[in-house]
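A, B, C, D and E label the chains in the order they appear, each numbered from 1.
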Amino acid sequence: MKIKMLIIILISILIFGISLVIGPRIINPFDMDDISREILFFIRAPRAVVAVLMGMALGASGAVLQGILRNPLADPYILGISSGASLSAALAILGGLTFLGTFTVPVFAFTGAVITGGIVGMMGWKKGGLWPERLLLAGVGLSFLFSGLLMLIMSISTDEGLRKAMLWIFGDLSMSEWSRIPYGMAFVTAGTVISVARAKALNALILGDEFTHSLGFSPRKERSVLFVSVGLMTAASVSLGGMIGFIGLLVPHIMRFFIGSDSKLLLPASALGGGALLCIADLISRSILPPMELPAGIITAIIGSPYFLYLLRRKNVLSI
Amino acid sequence: MKIKMLIIILISILIFGISLVIGPRIINPFDMDDISREILFFIRAPRAVVAVLMGMALGASGAVLQGILRNPLADPYILGISSGASLSAALAILGGLTFLGTFTVPVFAFTGAVITGGIVGMMGWKKGGLWPERLLLAGVGLSFLFSGLLMLIMSISTDEGLRKAMLWIFGDLSMSEWSRIPYGMAFVTAGTVISVARAKALNALILGDEFTHSLGFSPRKERSVLFVSVGLMTAASVSLGGMIGFIGLLVPHIMRFFIGSDSKLLLPASALGGGALLCIADLISRSILPPMELPAGIITAIIGSPYFLYLLRRKNVLSI
Amino acid sequence: SYAGEAPKRIISLAPNMTEILFALGLDDNIVGVTSFCDYPEEAKKKQKIGGMSNPSLEAVVSLKPDIVVMTIDGNPKEFEERLRSLKIKTYVFRSKRISELSQGIRDMGTALGVKERADLLAREIETTINKISRGVLQYAPASVKNPSPFAPYPSPEKKILFIIWPEPLIVAGPGSITDDAITIIGGRNIAAKSKSAYPKYSIEEILTQAPDIIFIGRGMGMEKVSQGLLKKLKSVPAIKNKRVFYVSDYLYRLGPRTVKGIEELAGYMEQ
Amino acid sequence: MSSASKPMILELNDVCFSYSKVESLIYNLSFSIGEGEFIGLLGANGSGKSTILKLASGILKPLSGDLRLWGKPLHSYMNRDRAKLISYLPQTLDITVPFTIKELVSMGLYPYDIPPAMSVYDALEMVGLRDKEGAHLADLSGGERRRTFIAMTLLQGAGLLLLDEPLANLDLKYQVELIRLLRKLRKDRNISVVMALHDINIALQFEKVVLIKDGKILGIGPPEYILSEELIRNAFDVDVRIIRQQGEKAYISYENNF
Amino acid sequence: MSSASKPMILELNDVCFSYSKVESLIYNLSFSIGEGEFIGLLGANGSGKSTILKLASGILKPLSGDLRLWGKPLHSYMNRDRAKLISYLPQTLDITVPFTIKELVSMGLYPYDIPPAMSVYDALEMVGLRDKEGAHLADLSGGERRRTFIAMTLLQGAGLLLLDEPLANLDLKYQVELIRLLRKLRKDRNISVVMALHDINIALQFEKVVLIKDGKILGIGPPEYILSEELIRNAFDVDVRIIRQQGEKAYISYENNF
């Protein structure tokens, strides 16, 4: 297990390194002209960092949510957080709001995400605790509501606006810049650290509330802490680069095939795996059809799914 | 229970009737001019019928799938059937194929759906039976793959194609015409009838394979029969009018709040509820902002979700 | 068809169709337009029949049109089939490029019985475009004189990028009206090698290709929204030399006003 | 009572089974269940009792060997017909199902178009759950949960009941009542029962006991012979003392073991 | 042995509880658990045994009344500190969890930063599951599943064990071994145990028995007094015969009831 984790860490670092030098033009880091330097430091580096952060946030959140909701189909977007973020971001775009400059859309997305997370939490709350099944259904319900409203707004606004808002939702890493990274990094790191630190509690929650209590955790408190940390991570990730599918749902399953279901290993592995996958997907999406860029989420799904299906065919399924 | 079912049936019929007379112009069925007659018989009637058929297919399929996959998040689209249908339809649209006239897109969609269902079935098959968890993950994996490919094609094709394909995916009932209805009706009716006829087996499957066997059903056979009938229903519904969210996932939950989880009641209720909801959503979508037509899926989500969330707040959650 | 006499009741299913119909003087014959038809001013007063991609069949039928005019670029094909199955006449405008615009207008004029006015309008468009491209040719090396106004200019000097939307970066690629316009004004669209008409474009590539002029579509607070992108591109000549221009949206519709859009771009070229 | 005189309902001949490819679990197992016979299935944890019941009910298919229900191969029966002849109660119950107690119990009628004599209410009454019929499994006590499924199995009305530790979680009264009820059903309808259990004192009430060790039969016959101090030590690896009271039935004491 | 002489670990005073708003289930329940005390909790199905254990472990909060652990209110303890003092084994186990047996058992160490003396392997050894450590719960037999969770609970190393029917599904050997093990732990570490159970013959091995009926205490004290024919009839609504052997321990026969 230790060795498997080490391999995952090494591969992740390698991918990060490669993603800096490869692209529409290959950069030799030891012999750079001005443009190469600019591309490396101001375009690729922040982009790779954002990819890693988003991937980590999604992978870890997915693993946490599948555990606390006890559902293999749970992913960070199931809680409606992303629909809330998209709706709020789309409102900002369509309303032409720009009072925070380039931060406007991310800030709106983040706020929308946090508010949605709060509402889902409130709806999932009953008798002093969060109930997995309620959270799940509340998230799905709100998700439908918000994406319905988003689509409504888009379909009664001009066609041009529709396309723009849609593209934002598809996920875009190309606008990554250093200035947004500190905030994103703060939330994602905090979320990942909290989740990994609560991995034992998550394991216990998977066993059920009675065992959780007996093993020295408060099921309600742990579930709330994990929910909030997942909410903030997801919100940060959505505001960094929109919605990227696949990672939150399937990276935890892929990791489960390799290192099992113990959250102590699964959470860091899912974070690393998510980061590495999104980093490599972004690398491909910007290098394969230059000068065009493909949305990273598309490549993530296209390279991730066949591999997942291959594993599914070969290995036994572990639940959750 | 009997009375609740009766009420649901009456409401459904009422909604169907209303949806014929109300619209951008209100038609008095006892005093129609030529245009009214044309609108009633050739525009509204086929449209209402398609809405009812699609809603039935989705509601019943959702209830069946949540049962056989034992997952409250399962819906007809989770099996990737709709992504397959969309991909195939988009290919037909983008490739400009028209050799079957107005039937081209629906036929492609149906074929794509059936093929995808077949692949999911094959991937979910191990040791002579379909495994819920495998089906679920295979469906999700394929779903990502196909929608990734679809988006890839859309992003490297011309804008016009993008928009058309997108709209098709959003679900559109406005093009409904009588000629397509017989085929759709055949599949949806057959699927609904088979599902309702196998409701007892579905109940048993929810209890687990051992009880299923002991109660006189073959778990493998029943699961396969239900899977195929759901697949055909979903394929027919997608080819009738694209993807409509909400119904397959949340109508069964809404019905569970009312009449409980016994599939013998839940399946017909979900079918009726789905049909009625889509019918009324379509009615609203074409009447609320005349002459603008909103995609029916949007209205379904916007009227359905708040009601669902209200019920969720008020009632106790029943699992699956 | 309507040789000689225009149909009394026309419905337009696209904003550019509406513009052309008005330009052809069919103002009073138009009985229905889409909710997006906002030009000319009178178009807004016409009865609405819904969106461009999702017009209301009921609304169209209720207006008892003699003909429904639609475009291949934006109206669903099934809608046309559906109209025909309800015995309603349709006319489909098939032009997608600037080079096809004048012929498209002539064909439409013929079909709607306003041949003369269509000819006039088409010729006007051709003349303006010719003038612009010839004006451009004046600045070109003497060795090349291309006789056709629409053929790509063989040795363009200015590298141009037309940004549709900055975040994510969408630019005008090959096959778009904007791309045609850039060619006409004698520029070279640096996005011409992309695979689609409105590709998502690589910022790295812009840095490498170093465009001389950047056009950005105006509207929706674009000046502010684009600041982040322009900051990233600060080393390219266009920005160093302050040759970034926010232009109006004429080039998003293929119609009578398209030429205005070309003129606008050409104006910046000559500065 | 010897079972030789009665007609055989279910026969297992040389049945082999294994969950994994490497080691076999059930090896050449043969025994048969006569009409009206009550068989106690005893053995250590993991010895294969549940597996044997799953094989006997047809849930698991043997790797080799042959199972006959009323003389015909078990797997040649239609599922539904078989369900009228055999019903099986699993050991582990899933309590997350969404059904009410009444809905659950009434599933016992699924094999029938025309419901047999007993009604859902009779079945609920039998296990003392009439007042819980609208509740969900998750809101019942452990014993009440077990009784729910016992009621379902009884309602199914098969002639052969394969019950996997039905007494677990039952209180004294319902342990006694269940056995009493089964005896009454034998008198009325001549049912046969195979029951996995761990309580040797209750096993002593059966006419026939099958003692399993490592997937093989260690002993088969009347409990007086099979449940000897020696065989029990062999099967369970534990020392017990058999106490005979009033010459009739034996009681087992493990007092000195604690 | 009277418990009065020993210090009290856990005291329940006038505890009331109810799942629904209309009827109360546990009413003014008071009893206390002394150090090194082994208490058998007996009562009919649905009488409230599991509920009492959940109240005692702090999982359920009483509507009124008060619980004290080592003299301080139970709910004033930090969760983690309490987990080092009390461990609780639920009656119903969920077998769908994705963990391996070893992962499950090692969760017993979660309350500790520095693991106590016993290792995961010791705990697995104790319940005879060393060779199944990599398996998943779904692939074990019923008794093996129960033993997995027993191992986890023992590894937790608390001084007070609240065990809800831990003997259900265990074979003879492990029933005996568990009780033996608990006695050894009492000798070594002076642990106390409250165990819900249904087997009256095993309850006779405890020093103290609490007989519950309808959420109230029907009797409390040494089994020789509490498990009388009369009280049993009252609690379980069933007739039994108490047989005394060699003057020492009593055995209960329900032979004539079947």
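Definition applied: contacts are C-beta pairs under 8 Å (C-beta built on N, C-alpha and C of every residue); 3 or more make two chains touch, one makes a residue touch a chain.
Since this is a predicted model, take the numbers as computed values, not measurements.
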item: Distance-maximising chain from chain B - centres being C-alpha averages; value: E
item: Most remote chain, CA-based centroid, reference being chain D; value: C
item: A-E or A-C - the one linked by more C-beta pairs in contact; value: A-C
item: Between chain D and chain C, distance of the C-alpha-averaged centres to the nearest whole Å; value: 80
item: Intercentroid distance (Cα basis), chain D paired with chain A, Å; value: 51
item: Rounded Å distance between chain A and chain E, as computed from the means of their C-alpha atoms; value: 44
item: Mean-CA-position distance for chain B and chain A (Å); value: 29
item: Residues within chain E bordering two or more other chains; value: none
item: Per-residue multi-chain contacts in chain A, two or more chains; value: 155, 159, 163, 289, 292, 294-295, 319
item: Of all residues in chain C, the ones touching two or more other chains; value: 51, 53-54, 74, 195-196, 199-200
item: Touching chain combinations (by label order); value: A-B, A-C, A-E, B-C, B-D, D-E
item: Contact footprint of chain C on chain A as seen in their complex; value: 23-25, 34-35, 38-39, 42-44, 93-94, 96-98, 101-102, 105, 155, 158-161, 163-164, 167-168, 172, 174-175, 177, 286, 289-295
item: Residues of chain D touching chain E in the complex; value: 19, 43-47, 49-50, 91-92, 95, 139-145, 147, 164-165, 168-177, 179-180, 183, 198-201, 205, 232, 236-238, 240, 243, 245, 248-249, 251, 253-255, 257-258
item: Of chain B, residues touching chain A in the complex; value: 71-74, 78, 123, 131, 133-134, 136-138, 140-142, 144-145, 147-149, 151-152, 155-156, 159, 163, 166, 170, 245-246, 249-250, 253, 289, 292, 294-295, 297-302, 304-306, 308-309, 312-313, 317, 319
item: Complex contact set, residues of chain B against chain D; value: 200, 203-204, 206-211, 213-218, 256, 260-262, 318-320
item: Chain A-touching residues of chain C, taken from the complex the two chains share; value: 36, 51-54, 74, 165-170, 190-191, 193-196, 199-205, 207-209, 220-221, 224-225, 227-229, 231-232, 235, 249, 252
